[in-house]
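Multiple structures are listed underneath, in structure tokens.
Next come two complexes built around subunit A: one with subunit B, the other with subunit C.
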Partner chain A sequence: MGRYIFRRILQAIPLLIIITIVVFALMQLAPGGPLALYKQNPKVTGEDLARISRNLGLDKPVPIQYFNWLKRLVTGDWGTSFSSSRPVLELIKERMAATFTLMFSSFVISLLIGLPIGILSALKRYSIVDYIVTFFSFFGLSMPVFWFALMLQLLFGLKLGWLPTAGMKDPFIDFELWDRVRHLILPAAVLSLTSLASWSRFMRSSLLEVIGQDYIRTARAKGLSEGKVIRKHALKNALIPVVTIIAIAIPGLFSGAVITETVFAWPGMGRLYFDSLGRLDYPVLMGVLTVTAFLVVIFNLVADIIYGILDPRISYD
Partner chain B sequence: MAEVLLEVKNLTKHFPITRGIIFQKVVGLNKAVDDVSFEIHRGETLGLVGESGCGKSTLGRTILRLLEATSGEVWFEGREILGLSYHEMRELRRDMQIIFQDPYASLNPRMTVGDIIGEPLLIHNLATGKALEQRVKELLNVVGLSGQHARRYPHEFSGGQRQRIGVARALAVNPKIIICDEPVSALDVSIQAQVINLLQDLQKEFGLTYLFIAHDLAVVKHISDRVAVMYLGQIVELTTKGELYDNPLHPYTKALLSAIPIPNPEVKRDRILLEGDVPSPINPPPGCHFHTRCRYARPECSEAVPEWKEVNPGHFVACHLVK
Partner chain C sequence: MRRLVTLVFVAALVVVMAASFSVSAAGGRVIVMNQQEPNMINPYLDSMQATFDVSQLTWGGMLELDEKWELIPSLALEVPSLQNGGISKDGLTYTWKLRKDVKWSDGAPFTSEDIKFTWEYIMNDNLNVVSRTGFEEITAIETPDKYTVVMKLKQIHVPMLYVWTGPTIVPKHILSKSKNLNEDSFNMNPVGLGPYVLDKWEHGSYLIFKKNPNYWRKGYPKLDQIVYKPIPDENTAFTQLATKEIDVYQTFPTNQYKQVKALTHVNVTETASTYWEHININCKSPLLTDVRVRQALRYATDLKKLQETVYEGLWPVAVSDQGSPFWKNAKLKPYQFDLKKAGQLLDQAGWKLGNDGMRYKNGKKLTLVISTTAGRIPREMTEQILQQDWKKIGVDLVIKNYDAGKFFATYDEGGILDTGDYDLAVFAWGSSPDPDNYTLWHSAQFPPAGQNNVFWSNKRVDELIITSRKELDVNKRKAMIDEIQQIMWEEVPMIPTFYWVNLDAFNKNIKNIKPNGTSSGNLWNAYEWELK
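The block that comes next holds the complex of A and B.
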């Protein structure tokens, strides 16, 4: 197992390099360019632009620019934000806690609600309960996140006034648990909507498939009670694919966070990304995208490892 | 003759065919098992043969209440079991076990062989701890595997070995009757013989009673004391092995027997080729179900259901032509 993990990490390195090349190329293709911000300023002369360009290394050929960026990335220097002149790594670190709080809450909500209702709707297949769960699952999957977020703000924030729509206190300055929780409820609900719906569907179909297997009939023939048949034989097998799908879906929560954080003015990486996009702040954009790529690679590895632990038929040696 | 261990009376299993998305209505019945009666004596092997889809497996599962019967009675040791409560039935599973057809799909892939075989002992409170381990080892040895295999998972075994695990699992609770639901049809021919011989040895050693379901007539001839022939949800003929193979009375039995390959190319014989396919059990033909393919069919065959009668002592047949 240790050898397998080591090999997979080695394999991830070229993958990450390819991802950074693609990300870098996309940024080069984006309209505007890093100097667009300065060009709007009438006081900046052509001479100034040339100097800035030289300082940022933008006068060099694109491949050289890429290697310079990669070299600094590895050594921990992720560049400086154009708009705030602060180191990118520092900006990301600052925002990370907020994003992970949001992601973790949504993850827990999706898990604690999505899996049980999936199990329930599989066990009561074609019943009223199943139809209701199915209806809301498809509702959740097809609902545009930004619109749903706005509707919740409208209802709970403006009409009922129960929950704040934005404006969480900066946790580094003034940490107050109740304030955080109140601010967290709506964005976490919105962010968990899609994953909750899809995980409940996965759970339902996986459990239904296992219940139809011959070894479930074997378990009944042994004389086990129906509850034990489901818990010991059916669920244990049905969870294998679900756990893997969930592990792979975790980075998806991060991309969902971009929209959710923006709508709720949540001080996380998602909003940092969205804001930087508007300001054409290339170093920050590159930094956030690299973090995302890392998350995807890491959670895919985690999914494979979990699969090996849960399913005795898979061996990695 | 030994006492009756299991008696099946007018057992019927119909699967409803439904249409409709929200409001489902029954538009037909799949008559998988239709009014079947027979007895199994203690210590004997009753073979049950028939084509694919004739309801053999459904019959076996309905007897064990892995499927709930539509109507009829099943008596086991003087007790009617279709009316037993869920809890009583679970306890009765100690005495009535089943070996499944597919040795690959019928073992839980996430449990070790030791857990698979040991679980029935645990839930019926027959053994725990060291005694359980010892019993699992014993069972593995009985079916020709080694005690060390208990720690492995099913996927590490071949088909024949997996079926031996299935046999050990069924045997674990010391059952009185085992329903063997095509236990060898998924195995290679060379392995089939091993598993059948194992089943025969176990029968002698533990005094087991078998209902042996198969579609292979040669296998059934080898293992059975008496044989029942099933066609489209009904038993058409039932008698001792010798009588059935030497003196078959029902035209369907004759056709089946003529299809057994003889490993001698010199032998010439008349094969009775059945025309057409097995009719659907959803709308079985009226009268005798077999009349659509019977070369001797007469007008009465499509009108009246033939009576189930004992033509010779112990030789039952349902056919208008047999007097």
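The block that comes next holds the complex of A and C.
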């Protein structure tokens, strides 16, 4: 196992470098450029643009720009934002905590609610419970996020006045757990809705498939109680595909959710990325995408390892 | 399992119930919203309005532009003019008298050296200044004493006073020691001459400003705190205004007008802006070189209908590129919507109606492409209305919209406007209160040199632009600017459509609101704001 992990990590390095090259190239292909923003000011002259372009290093050929970026990255310097001139790493750090708080809460909610109701609806297949759960799962999956968010804001913020409508904290309270939780409830609810719905569907179909297997019949034939059959034999096997899906969702915990973060004015990575995309702030975009790529690679590896633990038939030697 | 589900629901219910005990705090503070978050607090390095707003709170200038777009003294004792001798007869020397006993927010004295340093700072090649317009016209700054500044100019530059208006002065005692001006912490938390200083910046959430203890206007600012809060989503911003989580909702969209008006606790202000909406006509395009075709399109543009359907009747119809009541040519009238006249003009230009109802010349169909930034609904609606109306005169209008990045990109980056890859383009320009539009209309300013992206050249206009820039007599200059507008009215290098109106909502408990439609913004007099 140790050798396997080591080998996979070694393979990840060239992979990540290739990803950064592709991403850098794609960004250059995006229409327009970082200077377009200045162009909306009629006072800006061609000379001004030339000077800014020179200072930002945009006058150099694209491959050179990439190597300069990579060279700095190796020494731990992620570059500085074109629009705010602040270090990219600092921008990412201050957004990551906010994004993680939001995404992790919704992750936990989805797990705690999504998996149990998926199991429930598989065990009570074609019952009233199953139909209700199925209905709400599809409702959750097909609901436009921004619309649902606005409805919640109107109901809990405006009509009932129970919860703040946006933001991560009250500007005048330094730190108070309750203040943070209140701000978290609506965005976390909106965000968990979709994943909750899809995970419960996965759990349901995966469990149904396992229940139809021969070894479950054998377990029942042995005279095991139904509860034991489900807990000991069915669930563990049914979790394998679900775990993969969940592990792959983890990098998303850091990259954030653009729409939810925008509607709730949440200071997360999704908004940082979206704002930077609008101005083609290359260093910030590269920073965010590299971090995301890194996490995707790592959690794919983690998913494979967990696979091996859950399913002894899989061996990596 | 059922028990677990119930438990989760009960827990959620408890949490929601407990949330109802919300605390509302009152005091000497106002929460101002903007759609965007400032990139920094330095208006020289960033051209966003949000950046300008927060610079208004913390920086100072020798002059200020008030709500009537008039210059008033701030850190200078008076506005230099020919009459008071502040401007020399030849217009090449400006003498400024500064206020004494003014201190920077860190307590250091403010002197004429700071003005001189500001100019040197802007002219530093390593600094990513957005525009040096105006500063480039200065050849030397002398400081005969601590409170006198003498500026020498290369040539007459009438807008010189505006160069020193609003948030403009940087502290020599801080920045002269800086190792990297672009990345200096000053840009995020400046030492300034404004009424407030930054207390805390939670990036992505809000900026809190507190009183500057060393502010020069005694007894000001009135408020203890101003909070600047970026809220990207318009619907969220409206809800926050309704729940009083924000006190000021800046520049809300016209489609929210009725909704916001219906809130009883806010005042809605409608303020004339320096921005003007228009339709660029690409004079380089072979189909549009004939002035009669351009005039026909202008006659076929139903501004009344656009005003009602697109802008809720709120935006006034524009006649020229000058929005200021003083500089606008009062004799000009908007073209009356007249499809018959438009058709006749097209006939005269040789575009004859074919059997299919479209126009042809030498077997070529009159097909024009109109472009704008995708996703801006009012502009997309404008395009659709034009498409329908122009079809009636046999003009086939094809809509082709682009991402803003591509649309406004520079010439080198292949921008649609700058490379002239369009026939008609809908967008807005922001002017300054000074009428000089050299970069837009002078024939030496075709991209990449400048921003004449209608590719229009007119000898008389070129001449008028250059001479008007050097005319110190304001009435003579007014006559020249009037003539430029007159020529553009006839030649139609673009169709002016509407002057923007800024819609802002303020909580009724704020006193001394004086919204300003120029880039000075609503916060220019925040030192006077007070709670009832």
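Criterion: the second predicted complex is superposed on the first by the 298 of 317 C-alpha atoms of A that agree within 3 Å, B and C clash if a C-alpha of one lies under 4 Å from a C-alpha of the other, contacts with A are read in each partner's own complex, and residues count from 1 in each chain.
In this section, a contact is a pair of C-beta atoms (placed from the backbone, for glycine too) under 8 Å apart; a residue touches a chain by one contact, two chains touch by 3 or more.
Fair warning: this is a prediction, and the values are worked out from it, not measured in the lab.
> Determine, for the superposed arrangement built on subunit A, whether subunit B and subunit C clash or fit.
Once subunit A is superposed (C-alpha atoms), there is room for both subunit B and subunit C without a clash.
> Per the contact definition in the header, classify A:Arg72: touching subunit B only (first), subunit C only (second), both, or neither.
The answer is neither, since A:Arg72 touches no partner chain.
> For A:Gln40, is the partner it touches subunit B (first), subunit C (second), both, or none of the two (neither)?
second
> After superposition on the shared chain, which partner residues are touched by A:Asp214: those of subunit B (first), subunit C (second), both, or neither?
Touch status of A:Asp214: first partner only.
> Now for A:Leu154: first (subunit B), second (subunit C), both, or neither, which partner does it touch?
So A:Leu154 only meets subunit C here.
> For A:Leu120, decide between first (touching subunit B), second (touching subunit C), both and neither.
A:Leu120: touches subunit C, not subunit B.
> Considering only touches as defined above, state whether A:Ile52 meets subunit B (first), subunit C (second), both or neither.
second
> Going by the touch definition up top, name the partner, subunit B or subunit C, that contacts more of subunit A.
C
> Given the overlay on chain A, how many degrees, to the nearest 10, lie between subunit B and subunit C at the CA centre of subunit A?
The vertex angle at subunit A equals 150 degrees.
> Output check: A:Asp311 vs subunit B and subunit C. Expected answer is one of first, second, both, neither. What do you get?
first
> How far apart, in Å, are the nearest Cα atoms of subunit B and subunit C after the overlay?
22
> Based on the A-chain superposition described above, do subunit B and subunit C contact any of the same residues on subunit A, and if so which?
none
> Under the stated contact criterion, what part of subunit A meets subunit C in this complex?
The contact residues of subunit A facing subunit C are 30-33, 35-46, 48-49, 51-53, 55-56, 80-81, 83-87, 91, 94-95, 98, 112-113, 116-117, 119-120, 146, 150, 153-154, 156-158, 160-169, 171-172, 178, 181-182, 185, 262-268, 271-272, 275, 278-280.
> Enumerate the contact residues on subunit A facing subunit B in the complex.
Those residues of subunit A that touch subunit B are 213-215, 217-225, 228, 233, 236-237, 240, 310-313.
> Subunit A touches which residues of subunit C in the complex?
So the residues of subunit C touching subunit A come out as 1-2, 4-5, 8, 15-20, 22, 25, 31, 37, 39-40, 45-47, 125-133, 182-183, 187-188, 202-206, 208, 227, 229-233, 235-236, 239-240, 242-243, 245, 402-415, 417-418, 429-432, 437, 439-440, 447-451.
> Within the complex, which stretch of subunit B touches subunit A?
61, 64, 66, 90-91, 93-94, 97-98, 100, 102, 105-110, 119-120, 123-124, 153, 155, 166, 169, 173
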